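So that you can tell them apart, the chains are marked A, B, C, D, E and F in the order they are listed, and the count of residues begins at 1 in each.
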């Protein structure tokens, strides 16, 4: 039943997202001894003005 | 004080969202013996390339 | 594929959680024209010292 | 390592987001005796049809 | 209506959480020109074996 | 800057969590062409009475 939520900068290709879903599902199921069928992946894309690190907006890095 | 967060495929109508907010708030308050006033609902819409199930991207289903 | 995440005060009974999962799944599927099979519900319980409203800690209300 | 996630109505300026990231990071680090370097802030913007309070859609308030 | 969710290492005092809720609410309302009444803060505490940075478990740092 | 949040049933070993953090960080960084240094992983453990699938509580499966 693992649910994986990824928040990342927008702009990745469909191919990257397809591989991300495939690989994270496979590896998580393998490590946790869970079924791949039960793994759900959700991707939240945020623009550079919507995240910050160490107090600095992504846009300003 | 319950906060309900729903992640779902984009494309639902305003009317569906209005009913979702109304019904989930009412039912959650009823079941938990909480006040409707304190229930917050947040909806996160994701495109078909931003979620996956069982290792397969929504776009490919 | 809706994923519903509920953050609420701890201390509810198993029976309340069972009904919450059942009813929110049924109503969400009905309103969104989705399959109940695809609805996932996750409950996060927080103690009164781990949430606040209007700047006041739950513990102090 | 605190991760701060803010869900808010869309439409704020870049300047507001820049200050939000700067101030929340600084205050969180100060209060928790943590390093600013380790604080991550993520902003999720939702439209008025994607949130509700007390059972009422933001759009209808 | 901002909802602020903080995930942090467990072990902080009630006093720290009280100040965190108070200050983050006040500053967020001020910067966003929102009412303090509408700000909700949720704190999720995780143990050192439940988070990682740069591929290393918190427990091993 | 990817932030990965995993909600899963409680009861996994530290060794499983260590490998989960290591592998998900490595694979995510590789697929997204991001630095491993910027990847944060957060694990939320929930008991069987705190999640449901298809309307059924985990405890009842």
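In this section, a contact is a pair of C-beta atoms (placed from the backbone, for glycine too) under 8 Å apart; a residue touches a chain by one contact, two chains touch by 3 or more.
Per UniProt, the chains are A, B, C, D, E, F = 4-oxalocrotonate tautomerase family enzyme.
As the structure is a prediction and not an experimental result, all values here were calculated from the model.
J.: Distance between chain C and chain F based on Cα centroids, please, to the nearest Å.
T.: Each chain's C-alpha centroid was found; their separation is 20 Å.
J.: Where the CA atoms of chain B average out and where those of chain C average out, how many Å apart are those spots?
T.: Distance between chain centres: 11 Å.
J.: Please output the residue numbers of chain A that touch at least 2 other chains, ranges allowed.
T.: Touching at least two other chains: 1, 3, 5, 7, 38, 40, 42, 44, 51, 53.
J.: Should the pattern of chain-chain touching be classed as line, ring, star, complete or other?
T.: Per interface graph, the chains form some other shape.
J.: Can you list every touching chain pair?
T.: Result of the pairwise touch check is A-B, A-C, A-D, A-F, B-C, B-D, B-E, C-E, C-F, D-E, D-F, E-F.
J.: So in the complex, which bits of chain C are touching chain A?
T.: 1, 3, 40, 42
J.: Contact residues on chain F for chain A in the complex?
T.: 1-9, 12, 16, 19-20, 23-24, 27-28, 31-32, 34, 38, 51, 53, 58
J.: Note which residues of chain D are touching chain B in the complex, please.
T.: 7, 44, 46, 49-57, 59-60
J.: Across the complex, what residues on chain D touch chain A?
T.: Against chain A, chain D makes touches at 5, 14, 17-18, 21-22, 25-26, 36-45.
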